[in-house]
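So that you can tell them apart, the chains are marked A, B and C in the order they are listed, and the count of residues begins at 1 in each.
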Amino acid sequence: MSKAKRKRLILNLATFALIIGAYFILQSMVDAKTISRSLKGQLIPICAWIMMAVSLNLVIGFSGELSLGHAGFMSVGAFTGAIVSGWILNANADMDPTLRFIIAVAAAGVIAGIAGLLIGIPVLRLRGDYLAIVTLAFGEIIRSVINVCYFGVSDGSLYFSFLNKKMPEGVTMLVDGAKGALKITRISTFTAGFILVLITLVVVMNLVNSRAGRAIQATRDNRIAAESMGVSVMKYKMMAFVTAAVLAGMAGALFSLNTTTVVPGQFTFNQSINVLVFVVLGGLGNILGSVVAAVFLTVLPEVLREFADYRMLVYAVVLILVMICTNNPLVKYVFRRAFSPVTRLFRKNGPNAARGGGRV
Amino acid sequence: MAFLDNLINGVSLGSIYAIIALGYTMVYGIAKMLNFAHGDVIMVGAYIAYVGMQMWGLPAPLAIVISMAVCTVLGITIEGLAYRPLRRAASLAVLITAIGMSYLLQNLALMIWGANSRVYPETFINSTTIRLGELTISISAVITIVVSAVIMIGLTLFTNRTRMGKAMRCVSEDRGAAELMGINVNRTISVTFAIGSALAAIAGVLLCSTYPVLQPTTGSMPGIKAFTAAVFGGIGSIPGAMLGGVLLGVIEIFGKAYISTELGDAIVFVVLIIVLLVRPTGLLGKPVREKV
Amino acid sequence: MKKIVAFILALAMALGICSALADEDVITLKIAHIGPTTGDAALYGLATLHGAQIAVKEINEAGGKYRIELIEEDDEHDVQKVINAYNDALDKGAQMILGTTTSKPCEAAGAIGYEDRVFFLTPSASSPEVVGGKDNVYQVCFPDPSMGIFAAEAMTKYNLGTKVAVIYNNADVYSSGIRETFVARAAELNLEIVYEGVFGDNDTDFTVQVGKAKEAEAEIVFLPMYYTPASLILKTAKSKDYSPIFFGVDGMDGILSMDGFDSSLAEGVMLLTPFSAAATDEKTVSFVKAYEEAFGETPIQFAADAYDGIYILKDLAEKAGITSETTAEEACELLIAQMKDASFSGLTGDMTWNEEGGVNKEPLLKKIVDGKYADVE
């Protein structure tokens, strides 16, 4: 096995080890009730954000396209999950919650994937910043559309209406337009979140390390060269885009089935930006980095709760400083000199090889 | 009658988007970055003018000039502190920094001026309405349209006739060559930011005169829509920004009036997508030729 | 000499023991205030927080058996972040929650509280989903559905007109909830709804909605929304030379205290409010004075609701015999038992509670005349 391949393998194994280790430690803390409520309540959302960050990394880091509407797929998945779960509950209250959860999450992934396919076709025709703006546009469109969608169930039948809430008598509303999904029965568990994170990692790592993955990265590195070598740019970019959409949809379902209500207004452009920050801070193309950044940046605002009013200010300043420090050659040089004895312990050609590089 | 009413409202709203879009497009064309903090500079401009008028009792024109001056300084400072160190970095890194800067401005405004919404005072901009038969036109709409037209003409003359303007065009075309020709790229970019921020201040005052509620988050949505308008018209193109802005405003108002008020924003974005599919570099954008 | 010293020492020890015993008599109630203190809805969260802080200060300064420790949490008006705020509050030892300020987050947090058995008294989350199906959440504020009904009845009672236009925010559970019951009641009362205009959270342009209401010749325009968008609608209407009777609900309160607002725009506006800062009764006057001194602005009804909320919680805790050691779960059961027969008379009116958790309280109908609230004839 070549050096690079071995390094990648070690890194991937390290990622899995980290996740599995963290799961067992946290789960035992939950069982022993030694965990704070605050952290316990965040475990499932953290799993969802890890899935979002890793899937977005697939699009931005490996496929090289800037997507600003990823929260839109999460939204689609969240509402699909809530609807399917509520519908099954109405039609067949005896079904095992775990089975219901699996069906809901799978359905969410499928619908989000279809959305990814439909959106990808126009989006991936564009380049650079135009592509970015169109993904942003789709994210906003999804939000506006869900705002006027009404879903209700009654006696096992699903009712849907658009723009005007026209429901037959005695219907229980599952999704009430802008009020979002209501009275969701919470069936997500930390174990389920953990399994979904593992699935995400396996899917993404396998895709990236396969022939298709190399093709995807080729389209990122040099589109024209790839095309002239017979690599269908559209096909491979779609592959990355749709896979990311499916994973985001599943993350959304995990997220919504953990709470009693979600609103379309939660999944805004700002939320997409949040995930983008996870990915960039963790390093483009760096899966372990995405995982760490997602966890760190989700927990950080909660830890900073003490500073209440200054919390977002501190977050903004830290973000700017970190970006400058990790990207400015002069600052990097200063840091490198300062920490050179420490960094010499690690290999020079580490996981940062895929970072930035001047290309998006 | 309603049609004309909506048309004028649309053009007026669109003109505000156009002024904001000009700032985005200039910075993008010359510094090749998307300045996400631009929308929040608008908000700061509106607050400074508000403070000038409400707390210091200054007449509106003076308050606006002070606001422009403060925003210009703010724009140059932001550029120097946060964007210049990343001049050679990946565009994504600069984007995230700009986003961080946007959060910073919003939260600073929240700290300084509080969360309560302020009502913009009546000034010469929005005090009267003109009546033409059954049509009532607010004078703020007229002023907004006139001001944005003047700005566009001014900017076009500036970039075509003056030295600095030509330098800006050179840097946007080929930064390396411009540097070789002796153009001070740093100064040119700073001037670009200065102009963009001054325009943002004007846009802020006009925005709040027409929609007189001011909060720290006021600049956010108009910023996104103006950015969309800039791309719509072809990012990097000044007439494109104007056209994109005005069209976007009109589409938004018409969409709300004739299709659905809830889906107003969605309609705008759908139109954007359709246009970009037909003309991938925007309405007036130059088709980018990629050389191997 | 020795005897005197011994006596003095004994006295000192006795006094020491007495004061220690006296300290043990003081019970510290840990109440968490959860509301949006940053973000778009910050002005409501800060209002409830400040109102609560005034009440807490008064109680702590008055001495007596109870002290209150107010734990402050920010939920950013987000249905996910409110769960974090709630968990954090409980980690800090909160025994009960004064919150949450806004409806959607309260719905989410209250549901978790229902499972965990934690008591919620919300000052201002008024949608029916907040209390529906749960026994642990109670409201101080007037519930949305009743406001819609009351508004329709008031319009008929005072003969304000028959053609009504409604402009509402369909992204906001408060606004759309009131609109639903209003429209239903209006149909029964022969009020004709000639136009319904919708807007969303970020909207500032109301030219289309106001224009259409004018076109439909509505005599009354019903505005179930908060005062910030209402102020824009009033301005737009003026610029279009359109002067119907504007009718608002409790969210309209605060419009006169908007910095820089031209109160002539609100001339003739009618609104339902449980609290009027201009009222002359002693309680209101002293509250407004304390609030203005501490925070430099006039309180809106959100602050008054929170002020009442703290006093209600203290009252109930006292009756239920809650101590510093009572856990949140125990406190919840004790408080729920108290709510059945509880009644309270506060800044925002006289109230009792129904089984669901909603409050039985009469809103006041006020009209804005010369920049002040006046009674309606």
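One rule holds for everything that comes next: a contact is a pair of C-beta atoms (placed from the backbone, for glycine too) under 8 Å apart; a residue touches a chain by one contact, two chains touch by 3 or more.
Note that the structure is predicted; figures quoted are calculated from it, not measured.
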item	value
Reference chain A; chain at largest CA-centroid distance	C
More contacts between chains, A-B or B-C	A-B
Between chain C and chain A, distance of the C-alpha-averaged centres to the nearest whole Å	37
Chain centre separation in whole Å, for chain C relative to chain B (CA means)	38
Whole-Å separation of chain centres (CA-atom averages), chain A against chain B	31
Touching two or more other chains - residue numbers and ranges from chain B	107, 260, 262, 265
Multi-partner residues of chain A (at least 2 other chains)	147-148, 309, 312
For chain C, residues contacting two or more additional chains	38, 170, 200
Touch list for chain A against partner chain B, complex	60, 66, 122, 125-127, 129-130, 133-134, 136-138, 140-141, 144-145, 147-148, 163, 223-225, 269, 273, 276-277, 280-281, 284, 309-310, 312-313, 315-317, 319-320, 323-324, 326-331, 356-360
Touching residues on chain A, where the partner in the complex is chain C	36-38, 40-42, 45, 147-148, 177-180, 182-183, 255, 259-266, 302, 305, 308-309, 311-312
Contact set on chain C toward chain B in their complex	38-40, 42-43, 46, 170, 197-200, 202-205, 207-209, 211-212, 215, 228-229, 231-232, 235, 239-241, 258-262, 297
Partner chain A, residues of chain B touching it in the complex	28, 34, 82, 85-86, 88-93, 95-97, 99-101, 103-104, 106-108, 111, 224, 227-228, 231, 235, 260, 262-263, 265-266, 269-270, 272-273, 276-277, 280-282, 288, 290, 292
For the chain B and chain C complex, residues of the former touching the latter	2, 5-6, 9, 13, 50, 54, 107, 110, 115-122, 129, 131, 136, 138, 211-213, 215, 217-218, 220-221, 252-253, 256-257, 260-262, 264-265
